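Before we start, here is the structure in question, set down as structure tokens.
Labels A, B, C and D are assigned to the chains in the order they are written; within every chain, residues are numbered from 1.
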Amino acid sequence: MANTTNPGLRACTQGISIPGDTAHLPGDSSIWVFVIGEMVTFSCYFAAYLFDHRQLHDVFLQSQGYLSPNLGALNTLVLLTSSLFVALSVHATRAGDSGVAARFVGLGGACGAGFACIKGVEWHSELAKGFTLGTNKFFMHYYMLTGVHLFHVLLGLVFLGIMWRELSGPGSPRVRLVETGATYWHMVDFLWIIIFPLLYLLR
Amino acid sequence: MKGYFRSPLTYVWSLLSTITILSWWLGTRAGSHPSGLNAISAAAVVLIACVKSRLVIRNFMEVSRAPMWLRVTSDSWLALTFGMIASFYFLSR
Amino acid sequence: MTDTPAMAAPAIQAPDLTRTKNLDQWICWWSIPVFYNLFGIVFVYLARLMPPPSPGLTTDQIIHFIRSNATHLQIAIVTLSLSLGLASLSSGIIVVQMRRMKGAGPALAYAYLAALAVAALPGCLFCGLMFALAAFRPDRDPALVVLLYDMGLLSFVGSLGCFIVQYMVFAIAIFLDEREIFPKWLGYMSIWGVVTELLAIPIWIFRSGPYAWNGLISFYLGTIIFVVWEFCLVVSLYKAIKTQPSQEVLA
Amino acid sequence: MNTTDQRICLWLVPGFGALLMLAFCIFPGFFPPLSPTLSAEEVATFYRNNVGPIRASMLICNVCGVAFIPFFMVIVVQMQRMANPSRAFAYSYLSAAASGATLFALADLAWLIAAFRPERDPQLTMLLNDLAWMAFVTPVGFILAQNLSLALGIYMDAQPRPVFPRWVGHFNIAAALLMTPGAFALMFMTGPLAWDGALAFWLRVGSYALYLAVMFFVVRAAIDRQAVEEGATA
């Protein structure tokens, strides 16, 4: 499994880029198929949310008042920090500094786990107040959006785990694999950057 | 390990964190009324979210150095998504 | 896999397989477009269950839907009963291709097979059966017709676990595979499959809106992703069979 | 021989097992189990008053209920390594596992459909409730077939170092016997053999949980051995 790059796909993506362009596509090109697809599907969730927001303005306004923007903002900062660690880990991997890269991935993963824990605390406090998935349309969107995002975070933690194993194993790590995982993790980050104002701030 | 923090990425991260706190302040303190957010704060919150997403995509995901098709795709997506958010949100007020 | 009987005795006069180059797999492969076209005709055109009628219909509207649609429903479900077996053919060929993978053993292939064996009943035929019952005696007590209607559509859109297992093991197998039998992006797309199943969770709670069983997200987005996934799977299978040497020994 | 795939399937068990345990604990009708002697009105009231927890619990079951299949398939793969005359038992095990999971999926659907419209005619809610409990408690035949084919495979495994130790065979038969009384819940409204009884419910559920926990460690040991043996011979 020396090189996981698919020659066909590589040729394909190089073919699309403009000649003379020294562009570099980070990671496996397959991950970009995934990222672009996720961007489109999340846009659909946002559209559904905004549509209902428009229809049921008062219900949404009132329900949004019960969320905690402080925890939402804290989670944004946690995820941004984790993205920084993961991005630095890619730099370290390219510099051949696997040990440091592995530590960066570990820190990124710790922040990601922190995000999941904070989300758990937040959900718990909403559930304790009696707001469940079935309470109203706003909480339906709230739990589905944050839940699907949390699923992506957990999957991202699996990706980070695979990256960590690659970096701390013997031999030189595959840069492309680390880039692939990092790309996925940053996607999780910027999706949350949009979800945060949408649910917590825009009332 | 410390040497790696002397990277442009760290500046991007501090910018991202600062504007996150700014948008939190706008959304909860400055512009917040019982009847919702005032229009200027809301516009600022949407704009900040758009800038943040683009910073992450361009710098952390390294799309600024990626092939043209990807830069165009990601920017079009941002334009469409935030256009949709802004128009829906302001139309419903 | 050292104990595989087929691999133990390769030397003795291998039968000539070049004449029927992967013919069995091609037969199974063709069953997939045939089945999904029939599936589309059955559910979209004949039974009018895709897109599904709303969960918010009143009892009278549900009864009207069944009565005015009874003949169509019956023809649809007869067709479904006759053709649902074709779905097994597509599992057969996917299992063959999954077993060609290196780095992913047969456990995942068997799990795929078993998950789809489970899914055929609650995820598809059960729905047909319930609507067949409703259409068989449309003059039944209205409350019973509503019950059959709920049982049919909820099981059809809301059987989640079996499909989650199917997508999950398929994705894991693709990621572990060192031979690239299927492209990696098909693995990522299978993760979308898992997500679409999770998005169908609220159909058990809401009777209107984007997450109802006829909603923008739970039904339309899920169905679009499923159709795209199925299309990519068929194309990838085509490529995998095309590039498979006919003499390759398979378990 | 690469055993990564088997290990992934194996570790799904504690993950999904924990979620199913959570679902079991939040279902309001398990502590104590809902009695079969309740009137239709009482059953309907139960669904009306507990709609939230019933949906939460049964939705978790919907998502995770079939998730032990990959683990059972690891057992199938391990059974194929046995020195049996043929692989018949392994394939029987596969088929029984799939059918058993189908019945659990149906029981789960019935619970969820009952909770979907709590305002339904109480007689129909009771019908769905009966269907759910019957489909959950009584079809033990597939578990029996699974355990007995595994046990027979173990007894007939003619290797100096069999894939699974002998006691696993005895354990499978014992677990199968402990789950047998569940089938009689079809006949009894009260007593230990009713679906809320000590034998038909608690013994069955408890021994199944214990069975999965023990088999997790047994299978893990078998995979470890396979990795060592086939790594050494390759």
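Definition applied: a contact is a pair of C-beta atoms (placed from the backbone, for glycine too) under 8 Å apart; a residue touches a chain by one contact, two chains touch by 3 or more.
Note that the structure is predicted; figures quoted are calculated from it, not measured.
By number of C-beta pairs in contact, C-D leads over the other of A-C and C-D. Among the other chains, D has the CA centre that is most remote from the centre of chain A. We define each chain's centre as the mean of its Cα atoms; on that basis chain A and chain C are separated by 29 Å. Chain centres here are Cα averages; for chain C and chain D they lie 24 Å apart.
Put simply, the C-alpha centre of chain B and that of chain C have 40 angstrom between them.
Chain B and chain D, compared by their mean Cα positions, are separated by 48 Å.
Listed for chain D are residues 55, each touching two or more other chains. Residues of chain C found to touch two or more other chains are 103, 198, 201, 205.
Pairs of chains that satisfy the touch definition comprise A-B, A-C, A-D, C-D.
Here chain B touches chain A in the complex through residues 1, 4-5, 7, 9-10, 13, 16-17, 20-21, 23-24, 26-28, 32, 35-37, 42, 45-46, 48-49, 52-53, 56-57, 59-62, 65-70, 73-74, 77, 80-81, 84-85, 88-89, 91-92, going by the rule given at the top. Against chain C, in their complex, chain A makes its touches with residues 1, 4, 6, 9, 28-31, 33-34, 37-38, 41, 44-45, 47-48, 51-52, 133-134, 137, 140, 144, 147-148, 151, 155.
Of all the residues in chain A, the ones that touch chain B in their complex are 13, 16-18, 21, 23-26, 32, 36, 39-40, 43, 46-47, 50-51, 53-54, 57, 61, 69-70, 72-73, 76-77, 80-81, 83-84, 86-88, 90-92, 100, 103-104, 182-183, 186-187, 189-190, 193-194, 196-198, 200-203.
The touching residues of chain A, when paired with chain D in their complex, are 132, 134. Interface of chain D with chain C (complex): residues 1-6, 8-9, 55, 58-59, 61-67, 69-70, 72-74, 76-77, 80-81, 94, 97-99, 101-102, 105-106, 109, 112-113, 115-117, 120-121, 124, 128, 230, 233.
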